[in-house]
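Here come two complexes built around chain A, the first alongside chain B, the second alongside chain C.
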Partner chain A sequence: MTDKLNDAHQARYSRQILFHEIGERGQGRLLASRVTLVGCGALGTVLANTLVRAGVGFVRICDRDFIERNNLQRQVLFDEDDIAANLPKAEAAARKLRRINSGVTVEGVVTDVNHTNIERLAEGAHLLLDGTDNFETRYLINDLAVATGRPWIYGAVIGATGMCMPIIPGETACLRCVFDEPPPPELTPTCDTAGVIGPAVNIVASFQAQEAIKILTGRSDALIRGLMNLDIWTGRNTIVNVQPGFEKGDCPCCKRKRFDYLDGSAGSRATSLCGRDAVQIDPRRDGGRTNFEAVAAKLRGIATGEVLQNAFMVRCTVGEYDITVFADGRAIIKGTADVETARTVYAKYVGA
Partner chain B sequence: MRLTINGKEQEITGADTVADLLRRFELLPVRVAVEVNEELVPRATFESAALNNGDAVEIVTLVGGG
Partner chain C sequence: MATMTVELPSVMSWVTRDLNFSLEAETLREALDRIRAHHADVAIHLFDETGGFRPHVLCFWNGTNTRWLDDFDVPLGKRDTLMFMQAVSGG
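Up next is the complex of A and B:
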């Protein structure tokens, strides 16, 4: 790789290049790097925004969800027009980011990242980024990162508190070195149950983005070592020394090489979206296929009120349930947190 | 004994181990990571990890939102 940048790059990224820890060489590396971002909600939008502006050459954004009005308080890439246009998050984010920086490649993928597709979605990525809102997907990212020797950056936020931890497999503690098993979902507060404030999101995601830039510019020597534990409200921030968990521990993932989430032995086919009174059904996990047009036609026949449809999803209300079916066949059933009820609704109105 | 827990010094009695301390604060081991004197205590050893007068303990709850 040559260190010399063309004039347009020199001009566009001049303030970042002036920062001596990055320089022209670091900028060149950013432009040549590829990342996969899993989840594009609160943390994900701030991460994507920062990295696309910084000139990361290829950013793939994967998200399974649509935008709700209560997202706008903190999810910085979305606006009211996106909701009116009925856009899924990955598509809305990609469109906005291409207007922000046309000189890099941004790819939006509307999908649920799971063990059947994560390897493909992360293909060619130098770094994996965590913008997810659940532990199952984070443990999956951790598995893939360790199995393929690629770094990833854990980030999470709730209320006014958050965490950030860069993970370099084989060198620093992985997520399972610190928390060998995820806590049960029913014991874990989510942003939909406990709330979250914008400053906490921005600060945590900015730490993630900063660590990402260090890794991508070849400055892993400057990484924060440990688990950052941030309380934005009180201002008490600590870094937990987790290295003994890696050096002395018996981690199921990075020591015993058990990839329970990547091989599909852990995880679920239908996911209750905690605190949202909604369940995601993914028929592909059972080997099923969905004809999107046929589903849309079927819903038009039974919907209570208007059916909204575009290239990405079809949405309507049937009785007490709000049903959204995505072009990839997934559905989000709102109006129940019970997986079995949602499966029944799905089978009845969308397809078995 | 005197312990500094998440930056606050306090008098704690009847908590000889990390597991005792978590029970005292009604914290579930599966949701937390514990650092004593700037070293992570592996979860599997919470029951046997002894606490001593003057120890600095950090208890962090795993965060899942995003």
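Up next is the complex of A and C:
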């Protein structure tokens, strides 16, 4: 990476260069660096905005979704014109960011990031960034990062709570050292069931961006080592030492080199049901039964009408979709034949 | 018998309004047993069917991750705290 700056760079990034932990050398490194951002919702827009303004030379933004009006409260790169134009998030973000900083390269990729394409999407990236909204994709990013020895930064937010953890493979605990398996979807709230506030998003993503800048400027020595647990509403913020999980644990990913999400042996499956305008989502849980009470409680807050529940399934309507969740964790999303739409509905309302 | 403070993550406010509560126990194992027995609405989110911690839940006893303790039969002090964290998925 180069640390030679031209006059335009000196002028544009002068305040950041003056910060002596970065300086000219760090700014040069930022300009020569490449990142892949997976997910461009709340965290992703703040991350992309911060890093493009900071002068990260190449930012690839991957997202599968379109912008909805309820996104505007916290997804800082989008506006009402983007909704009127029916722009996908990746494209709307890329257009906005190019107007913010024409001196760097921003690439928007409208895609569902999965085990078949993540290696290509992350090609050449020095750092992977987590702007996603579900566990499965995070475990996929973790697998790729560990398998290829590249750093990534976990970030997540719900309500007023968030977490952030920089992960340097081979040096710090990875996501599976800390949380070795994702939870059953119905036991964790999502932003669409429990809400989320803008300040929490901005703070968590800003921590992610800060750690990213440290890594990209060659200042990994200054990383916050551990899992940041941020409760913005109460001010109860902690940094937890998770290093024993790396040093003493038997992590399936970074110790046993099992990349279950990257090789496709773990993770959900989605199948469009022929002629039914419906998609089946199978989270492929190992034997555990769905907690119907938790599913029903979550859906009652958002369902259009009654939430039906018996020993075999929970069923309700949310907007234009009929959602049926079965005891083995499978769900049928009726109202769409599109797999990605169904995945999004499942992640939003059943769990992610 | 020691009185212990239990702190739940605010992300669990959709499950209970009592994110902080006290319980009396002699040992850490007994404290965890009491949570399972007397706070069933919360416990289902913290413990799996075998009684172990769910993989996305971390439990800290006075700041120490209980996952790395060899033994839960440790005596509790007067101002001990048990803090739970839960992996977050939103973004």
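Operating definition for what follows: the second predicted complex is superposed on the first by the 268 of 352 C-alpha atoms of A that agree within 3 Å, B and C clash if a C-alpha of one lies under 4 Å from a C-alpha of the other, contacts with A are read in each partner's own complex, and residues count from 1 in each chain.
Note that a residue touches a chain if its C-beta (ideal position, glycine included) is under 8 Å from a C-beta of that chain, and two chains touch if they have at least 3 such contacts.
In this text, all values refer to a predicted model and were calculated from it rather than measured experimentally.
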**Item:** Superposition on chain A - do chain B and chain C clash or fit
**Value:** clash
**Message:** Per the contact definition in the header, classify A:N310: touching chain B only (first), chain C only (second), both, or neither.
**Reply:** neither
**Asked** First (chain B), second (chain C), both or neither: which does A:Q243 touch?
**Response** first
**Asked** Counting only touches as set out at the top, which of chain B and chain C does A:Q10 meet: first, second, both, neither?
**Response** neither
**Prompt:** When the two structures are overlaid on chain A, which partner does A:N291 contact: first (chain B), second (chain C), both, or neither?
**Reply:** second
**Asked** Which holds for A:Q73: it touches chain B only (first), chain C only (second), both, or neither?
**Response** neither
**Request:** Indicate the residue numbers of chain A shared between its chain B interface and its chain C interface, in ascending order.
**Result:** 39, 41-44, 130-135, 138, 155-158, 161-163, 178-183, 187-191, 194, 196, 227, 229, 236, 238, 240-242, 244-245, 248
**Asked** So in the complex, which bits of chain C are touching chain A?
**Response** 7, 9-11, 13-14, 44-45, 48-49, 54-56, 58, 60, 65, 67-68, 83, 85-91
**Complete:** As the complex stands, chain A meets chain C at residues 39, 41-44, 130-135, 138, 155-163, 178-183, 187-191, 193-194, 196, 227, 229, 231, 233-234, 236, 238, 240-242, 244-245, 248, 288, 291, 294, 297-298, 351-352
**Prompt:** What residues of chain B sit close enough to touch chain A in their complex?
**Reply:** 6-7, 28, 30-31, 33, 35, 38-40, 42-44, 58, 60, 62-66
**Item:** Residue ranges of chain A in contact with chain B within the complex
**Value:** 39, 41-44, 130-135, 138, 155-158, 161-163, 173, 178-184, 187-191, 194, 196, 227, 229, 236, 238, 240-245, 248-250
